[in-house]
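Shared between the two complexes below is subunit A, which has subunit B as its partner in the first and subunit C in the second.
What follows is the complex of A and B.
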């Protein structure tokens, strides 16, 4: 082994350590976890996973999370596409200010919006629905998606639009059949980030749901308090929470590099 | 099919980007828009294509007023300087796309695409994507799309400017044949005088958003109407100087010569002359006989032509001569001008002889 590879290997080891610990814990019994230090599971068990996949309060947590995250991703990208097109192709009064204002939404803490959203959604009767969380998460995901997509659209020459019009394409047809395919990397990156941020956001998701749309993260905290320390079960739930993100990142890994190169990610 | 512009203008904010322009463009030959960068060639093409709104005036195609007609309905083609193709489509789909949008039958599309691909030697690349092609092939793909569409007007906006020298020459030789006999009005924008001369047809000289002169290319080259037209249509830049006419002699600082022809009959007074660099030579001849001593500033040798920039009195001059001529920078060299090749302009810029 070359000397120069030691540092990155150590770095990766340290990075992976907590994740390894989480995965290892999920295969241990709670007694073993509490009894002392062990690098590998002494009594290997799949009980924790069995519980999650059979108990509806557990697996519905995942289904709820995936549902509202998917709805949010679709809304965010669908709304951001035309908005980003306007920002990248037209000059209008206050366009730069509006663009910056959109970004500031990204910077506001979610806690600020929790109470008004809670009150508003209760009043209109969408409290504790998947749509409630999906809409709330648009607050920070649409600005992000607009920002990312505008960067990618800026890389497409305006002459492409003109060529399409000359060739007879109407605007909607051009937008859907030519423009979106030519920035599909950007759409992938924007969708990925919308997915990730919605997936990891906890405060709004917990505040805006009670039973019917309760996210997995909320299930995890509640189980911890009611049934004492079921650490094996929690570790298994945590492990499963990482998986969707890992799958999505696998599909967009090449696009993300492109996004970094553009300075928009 | 003819394309007519009547008093067309384009306004951006308070500025007129295209000042009142009228042109009648016909098929059967190239209509070259020749002008420097920023002279309004692209703006004018966008107006004709309907991509930008007119501030005033009308555009007619085949006698029909199309001023308010959308770009999509004008049945035109446009090839940009940058190689614009649809990146996610194959070359075949690219060439077929305007036909598909028009709702043409599949079998007919295939025939047209293959014909265009054959003309532009794209047959082996039909199933590749544009980014897998070289620059020249990408531009040929864009040209094939314009040909397959068989539109009434084809706008080529400096289509060769981004190609390297060899490809540019090759494609330029093909261009007139590509559109011959198709009945389309072909408008070709370029900033290179040489390209206009090689393509023939008619040329419209553009400067500061207006057409300064329009007519058969060779005619304009030989007879520029004003100083601007003469300077636009010359590469390297044309030499200009102020002279004083007294009797039948022209005086330019210490240099003077006898005027002949129309120039001799002009009223006495100040005039501007313009003379192309290849009429200012390092050796005397029967015609180039006005001696002009000057200090050589810069010399260039391009293959079989020598050029020298020299200063005489207040003015700087360019000489372009065939063959290799050994200049020394800083030396005083005698150049010889052909006075019969001079264009003479009145102080208001218009040609008088």
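What follows is the complex of A and C.
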């Protein structure tokens, strides 16, 4: 039993190495980075972080990203809940085809759609808004949310629905007060995945914004090219992008551990 | 069993509208470009299927498609068994479970360009941890900007680092859902570790593994940002995967017609392979 735990330990060590390197580099001066190899920062500095927290073009990048990711997560989960219910409880004309079609939208390479998306959202007049990015990310997040929630809902016995109707619950009241709480873990996991894929996607986010809703990633690439190669600053900005994700995982850690019960049918 | 109810369409409608808005309109734009030629100024000429023919015959497309299949094949063959092995060797309960899961999920939540940039500085020959270690401690000559094999090893390692946890998390979810009674029964029967895996654990992981393999296939086949930031498709064209090549044609050369035709072929291949996976892996459930 004890011998087995070496595998996860080694794996986690492997995962942490590049992250350690990024964090270590963010505390080094540019001089130290370029002058040679050092395992630990020799001249510990917080300059890179100071730049990011005092310069609005930097910190607004983070705020913009968090805004559109949050809007996207709320929209994705909210519309996916009734749809997943329909797929899990009813048979209707074209249900299987519709389900597969939804999944196909995860297969479309974002690189293909960048230009048409730009044209579409310009035409609708919401280019460079948080809503534009949030809606565009629905393309791949809604299908995934439907898929995950449908899995969780399949694990809830149908008798629950029937009992509620016998007790005189209307459908909306049953759905909100009984059904959704019974798949809390599923909602958590779906929201986690929606957050994750929206937070890490950059190609569409960059294409659909210019100034007002510019994501942190766009700020990073711009700085990397205009100011030469400021590795320390880049590393600090990168380190800060890990934090929101880490907070979100912390909140859903028990759902991931216990729940994640897709396929528990 | 499920009841027949056509009103269920109303539940699906919001999803349908939102996804259709994002999927169909841009798709029509791409289809539109793929059959026309333009010299700018919004003047278009009918081109028919010429672009498709040109792309399907071009060696450049064959080469990047080959690299793409190679990449996806390699990462699947490493990530899926590795992910299952890690999930099997994790403790089933206790204090360390959430700690392990949180740490393992971390790489998946890092924005993709940061992943690329991070591996770039990690692999720099003289000042990166990995590059320094390989070159100066182990004495292996390693420079991914010069050597195609080193570049391939780096992008594969990066993807394994980035996504194996997805397989681990999903397999683990399947494993913890197995009731203890199954294991006790297997013990009484004197089943070997292998038969416990083959006849109890693997079948229980099937649904989640289907999800994991499909997701990994789709996402690795469409991968763009990470290898683009890490190697830029180089050295030469050795790591120019399909998406990278596509963006080069569409935005670099601004050949919208061929790029659109290539997008559609690309999409059709992804669709076909995913559909094959999907049907093969869900075949038993339908019966």
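Throughout what follows, the second predicted complex is superposed on the first by the 246 of 265 C-alpha atoms of A that agree within 3 Å, B and C clash if a C-alpha of one lies under 4 Å from a C-alpha of the other, contacts with A are read in each partner's own complex, and residues count from 1 in each chain.
Just so it is clear, a contact is a pair of C-beta atoms (placed from the backbone, for glycine too) under 8 Å apart; a residue touches a chain by one contact, two chains touch by 3 or more.
These figures come from a predicted structure and were not determined experimentally.
> Check subunit A with both subunit B and subunit C modelled on it and let me know: fit or clash.
With subunit A as the common anchor, subunit B and subunit C both fit in the superposed model.
> For A:251, is the partner it touches subunit B (first), subunit C (second), both, or none of the two (neither)?
Neither partner.
> When the shared chain A is used to line up the two structures, what angle, as a multiple of 10 degrees, is there at the CA centre of subunit A toward subunit B and subunit C?
90
> Looking at A:159 after the superposition, I want to know if it touches subunit B, subunit C, both of them or none. Which is it: first, second, both, neither?
Only subunit B; A:159 stays clear of subunit C.
> For A:115, select first, second, both or neither according to whether it touches subunit B, subunit C, the two together, or no partner.
second
> Between subunit B and subunit C, which makes contact with more of the residues in subunit A?
Residues of subunit A touched, subunit B against subunit C: more for C.
> With both complexes overlaid on chain A, does A:221 touch subunit B (first), subunit C (second), both or neither?
Only subunit C is touched by A:221; subunit B is not.
> Classify the contacts of A:36 with the two partner chains as first (subunit B alone), second (subunit C alone), both, or neither.
A:36 contacts subunit C only, not subunit B.
> Considering only touches as defined above, state whether A:8 meets subunit B (first), subunit C (second), both or neither.
In the superposition, A:8 touches subunit C alone.
> Can you report the least C-alpha distance between subunit B and subunit C in the superposed arrangement, rounded to whole Å?
Here the least C-alpha separation of subunit B and subunit C stands at 9 Å.
> Which positions of subunit A touch subunit B when the two form their complex?
Listed in rising order, the residues of subunit A that touch subunit B are 157, 159-160, 162-170, 173, 178, 181-182, 184.
> Which residues, counting only subunit A, touch subunit C once they are in their complex?
Answer in residue numbers: 4-5, 7-8, 11-12, 14-22, 25, 33-34, 36-37, 39, 75, 79-80, 82-83, 85-87, 89-93, 95, 98, 100, 102-117, 119-120, 135-136, 138-139, 142-143, 146-147, 151, 196, 199-203, 216-217, 220-221, 224, 231, 234-235, 238, 241-242, 244-246, 248-250, 253-254, 256-265.
> Please name which positions on subunit B make contact with subunit A in the complex.
46, 49, 51, 70-72, 74, 76-78, 80, 82, 84, 86-88, 97-98, 101-102, 142, 145, 149
> Mind listing the subunit C positions that touch subunit A in their complex?
2-9, 11-12, 14-16, 18-19, 21-23, 25-27, 29-30, 85-86, 89-91, 97-98, 100-114, 117-119, 121-122, 126-130, 132, 136, 161, 164-165, 168-170, 172-174, 176-177, 204-208, 211, 214-215, 218-219, 221-222, 224-225, 242-243, 246-247, 250-251, 256, 263, 266-267, 270-271, 274-275, 278
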